[in-house]
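Following are the structures in question.
Across the two complexes that follow, subunit A remains constant while its partner is subunit B and subsequently subunit C.
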Partner chain A sequence: MALLEVRHVSKRFGGLIAVDDVSFDVEEGKVVGLIGPNGAGKTTLFNLISRIYDPDGGTISFNGQDILKVPPHRVITMGIARTFQNVEIFPALTVLENVLVAENWRLRIGVWESMLRPPWVAKREKEAVRRAQEVLDFLGLGQLATMPAGALSFAIRKRLEIARALVAQPRLILLDEPASGLNHEELMSLGETIRSLARQHNITVLLVEHHMNLVMGVSDHVIVLNFGRKIAEGKPEEVSQNPAVIEAYLGERGDASPS
Partner chain B sequence: MEALFLAPPPWEDWSLFGQQVVSGFATGAMYALFALALVLIYRSTDIINFAQSEVAMFGTFAMWSLYLAGLEAWQLIILGVLLGFALGAVVERVVVRPVEGRPHLSIVVVTLGLFLLFNSVATWIWARGELPKHFPSPFSFEGVNLGFTSIPQHHLGLLLVGAGVMVLLVLLFNRTKVGLAMRATAQNPLAAQLMGISVGRMLTLGWALSAALGGLAGVFIAPITFLHPGYMLPVFLYASAAAVLGGLTSPPGAVVGGFVIGIGENLLGTYTPAKWLGPEMKLPLILLVLILILLVRPTGLFGERAVRRV
Partner chain C sequence: MQMEIWPFLALLAGLAAIAYLLPIVPMRWRRALAIVVVLALLCWAPFVLDNFRTFQMSRVAIMAVAVLGLNLLTGYNGQVSLGHGAFMILGMYTMAILMDSKEQLNFIDARPWPFWAALIVATGISALAGLGIGIPSLRLSGPYLAIATLAVMISITPVLKKFGGLTGGVQGLRFPTPPPPEFLKGLIDRPDWLYFLSLITAVILIFLAWNLLRSPLGRALIAVRDSEIAAAAMGIPVARSKVIAFTLSAAYAGAAGGVLALLLGSVTPESITIADSINLLVGVVIGGLASILGSVLGALAVVFIPSDAAKIVASLPGLGGGIVERAPGAIQGALVIIVMILMPLGVAGVLHRMAGLDVRRLPEVVARLPSRMLKGAQLAAGRFRWVWDIRPWAQRRPFNPDDY
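Let's turn to the complex of A and B:
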């Protein structure tokens, strides 16, 4: 059984079929790339897996459980966290508070408990802050902990979003275009971060990315979508030789062309 | 030459001035408490709840019925807060929930509808016989001597309770997990939901807390102004001016705004020339001052400047 199993999933918006009968598996501990030209349905698929949308058909199961049966705010408790293409942070909270929000569901501290702060609650909260600080350090954000998140640069906010997802201690993390807006050095360090998530921390990664060098470099397995349908999947080197994939990309010489 | 002032100018009678400031503080505490309630809703939903005053009035009338049934004044305060909490939660679940996520105007119109509904139902149930009605306070209205002037015990109680509530709210928002979840939800509901926060529950909690505060303000204000279906409306107007002055998002701002408006109202009423401006013109004058302040500081005195990327 794969960690994430997507079966015959479809999603329509009015007349547009954004995702059309897509099936794939994501094996535990792997980095899986999800690529395709603009409008191929990648982000829609993310929104289906994170329960922002309901699919019109098909099933999605995670660790053997049907995720379509849980409400959206419980998805994280199953072990799925994500980031967004356009970065969805809490601008007026500090960097540390942003990641502490992700500890919320795990701490289970009541209102009165946290206002009165008996020692056992204070201890658990301190541990939560320590864990959050560790993750911030891991992503090189430790020095910025007390900064308001809205004041940070786009690249740093993207990293903060990854930090927040990691603090939730997920088994699967969905990264939506983490490389956009990054310079060459930041790209290299992002690649290393993604690899170490899978290899050292055993966190499975599903990655949507237009930056081909990055996807091909870090992925164990690549899935290609075009116009809402899966057109190919396999090892990075197989996929990049696939005629259907080459045609899909050559057909659209835009920002999506392999760079 | 004709006297231009209602009262002797402050430099001729400082004790009158001090007295007006102190009683302004007491009125300001009413506005501050109610402004806090408005800020709570604004922080969690980005709207001004126009039904706020009438929900508080409705709850206070219910407490008045319990007073007739023999309950003590301090029991009415506790029950008033609890009833406010419940009313807020029910209103959010039943009436506001269906229009959530719609344009702000839809929600504002719903709160205007709630204003009329609560006002009409309260008038229908309670506004028979003699109005306004007497409402009891656990404190007396005897003056506590401050040296240069005195302040009624009830007003002092209101000041202390208001200060306590303020501290509790700051602790709730800044020190607790639930407070963090509420702030996160207000800023980015989508991300909050994906972080495991039930957005619906946070909104219900926001409305409930706000109506609980409104209920507290209601039972504290009724002994001063007496109880009738329109008694909270002027408080609502002054309190929304106070909330806007404080920046709409900031609890300390709402409190400072409440005191500024309360003291300003008293001083303007005392020292403006009667020939030009009677006491009827107090409210428009306060609003004029408010507009002038907002021209200089559009985010209010303590408002969070929205940080947005371009």
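Let's turn to the complex of A and C:
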């Protein structure tokens, strides 16, 4: 049994079929790349897995449990954390507080406990801060902990999102275009980070990315979508030779008008 | 010794600033010291201010609770309410019904309750009302929510008049204000005792809010305000957080109303008007969105601007007579507009910046003030955008093929 099993999932927006009968597996401990041209349905698929959208059909199960039965905020408690393509940080909170938000569900502190703040709450909170600081240090954000997140550069915000997802100690992390807007050096370090997540921390990674070198470099397995359908999957080198994939990316032979 | 209110407030602000800016002493201690200084001076206030000003200071304490309550909802959680006056008046009536010596509807005891028990019940009833309005309000945001809550405020006055058996109708209810407890007899007389009651209530509720806002729940409220979608993905139950914010916020307004009723000894359907309800939001914005200090400063503004602003402006050279004396309301309005343009992050926002200021850089900072104000106005425009985010959740992420 694979960690994440997506079976015959479809999603329509009005007349547009964003995801059309897509099935795939994500094996535990692997880095899986999800690629495809713009509009192929990659982010929609992420939004379906993280329960932002309800699918029109199909099933998604994680670790043998049906995730379509849980509300969006419970997804992270099952072990799935994500980042966003358009970077959804909380600008008014500091870097540390941003990361702490992802620990809320584990802290389970009620309204009365929050208001009266008995010693055991302060202690639990201190532990949460320690864990958050560890993750920030791992991603090289430790120095920025007290900065308001809204004051950070785009690249740092992206890294903060990864930190926020990691502090929840997920088994599967969904990374939505983590490389967009990064320079060459930042790309290299991102690649390192993704690899070490899977190899050293045993966190499964599902990666949506347009940056082919990165995807082909870090993925164990690649899934290709086009117009909402899965057109190919396999090892990176196999997929990049696949005629259907080349066609999706470069257009049909003879399409390009000579100029 | 007698003091006027303005010298007193200036002394308060001055000593607090000195305590806060002490050199060398660590930040935590300076803040604690500033709070102690302010509390000590506030305890001294009724002995140096005249009765009217002491009464006004009681109102400031009460309004601080109500404005802070609204700030929990609007500043920290991004839900705009123009109807918090409704929760206040609900608290006032609950208090009055439990404290008067009439038997209402043949089941509410005619013996007056102890004031503290009545205050807890008043807070609880307002919290329940907040829960009842908060749940359907989940479907509304921005101006739509503001209008819906305004409608609650508009409809509560006729309801209070209609059910006269419970509320005393147009005349409202009167009840004797509670005497000071035994151990304070001789130390503090009746009007001052109510001032201290207001002050203690405010201190306790401000402390609880401060704890709340630095807890996981406080971070959850802000996270939901800034990005519902990310908050949900990080495990925050968005709907639950919003309902909690609404409930707490209503509870604060109800507690404020309860103490206000004690202070006045009476309540009528006109005790809290729509203008008062809107004034709470004015207090939040003038004082500073998402700031506890701002809520207290907003309460000062809400109490003292109507009573003193026109007089002060008229006493300035060349401004006496004319519209200033005939329409004091116009001065209040103009003042609010000026404060909002000059201090777009509220008074607390300005103080926050000043606290981080190095005295040696003062001339340079003053020279850069105009351009900084412009920057501040732009920042504030951004802040208003999230408070007034009129686009419903689904539309915030329109389907764009480039995104998917």
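By definition in this document, the second predicted complex is superposed on the first by the 249 of 259 C-alpha atoms of A that agree within 3 Å, B and C clash if a C-alpha of one lies under 4 Å from a C-alpha of the other, contacts with A are read in each partner's own complex, and residues count from 1 in each chain.
Everything that follows uses one rule, which is that a residue touches a chain if its C-beta (ideal position, glycine included) is under 8 Å from a C-beta of that chain, and two chains touch if they have at least 3 such contacts.
Note that the structure is a prediction, hence the values are computed from the model and not measured.
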Clash or fit (per the criteria above) of subunit B with subunit C on subunit A: clash
Touched partner set for A:Glu88, first subunit B, second subunit C, both or neither: both
Which of subunit B and subunit C A:Thr77 touches, first, second, both or neither: both
Touching partner for A:Ile52 - first (subunit B), second (subunit C), both, neither: both
Touched partner set for A:Asn38, first subunit B, second subunit C, both or neither: second
Partner chain(s) touched by A:Leu100 [first = subunit B, second = subunit C, both, neither]: both
Per-residue contact with subunit A, leading partner among subunit C and subunit B: C
Subunit B versus subunit C as contact partner of A:Phe154, first or second or both or neither: first
First, second, both or neither for A:Arg164, with subunit B first and subunit C second: both
Touched partner set for A:Ser114, first subunit B, second subunit C, both or neither: both
Those residues of subunit A which subunit B touches in one complex and subunit C touches in the other: 50, 52, 71-77, 81-82, 84, 88-93, 97, 100-102, 104-105, 107, 109, 111, 114-115, 117, 125, 164, 168
Complex contacts: residues of subunit B adjacent to subunit A: 168, 171-172, 175-178, 180-181, 183-184, 187-188, 190-199, 304, 307-309
Residue ranges of subunit A in contact with subunit C within the complex: 13, 16, 18, 38-44, 50, 52, 71-77, 81-82, 84-86, 88-93, 97, 100-105, 107, 109, 111, 113-117, 121, 125, 128, 164, 168
Residues of subunit C that touch subunit A when the two form their complex: 208-209, 211-212, 215-220, 222-223, 225-227, 229-238, 244, 248, 290, 399, 401-404
In the complex, subunit A residues that touch subunit B: 50, 52, 71-77, 81-82, 84, 88-93, 97, 100-102, 104-105, 107, 109-111, 114-115, 117, 125, 148, 150-151, 154, 164, 168
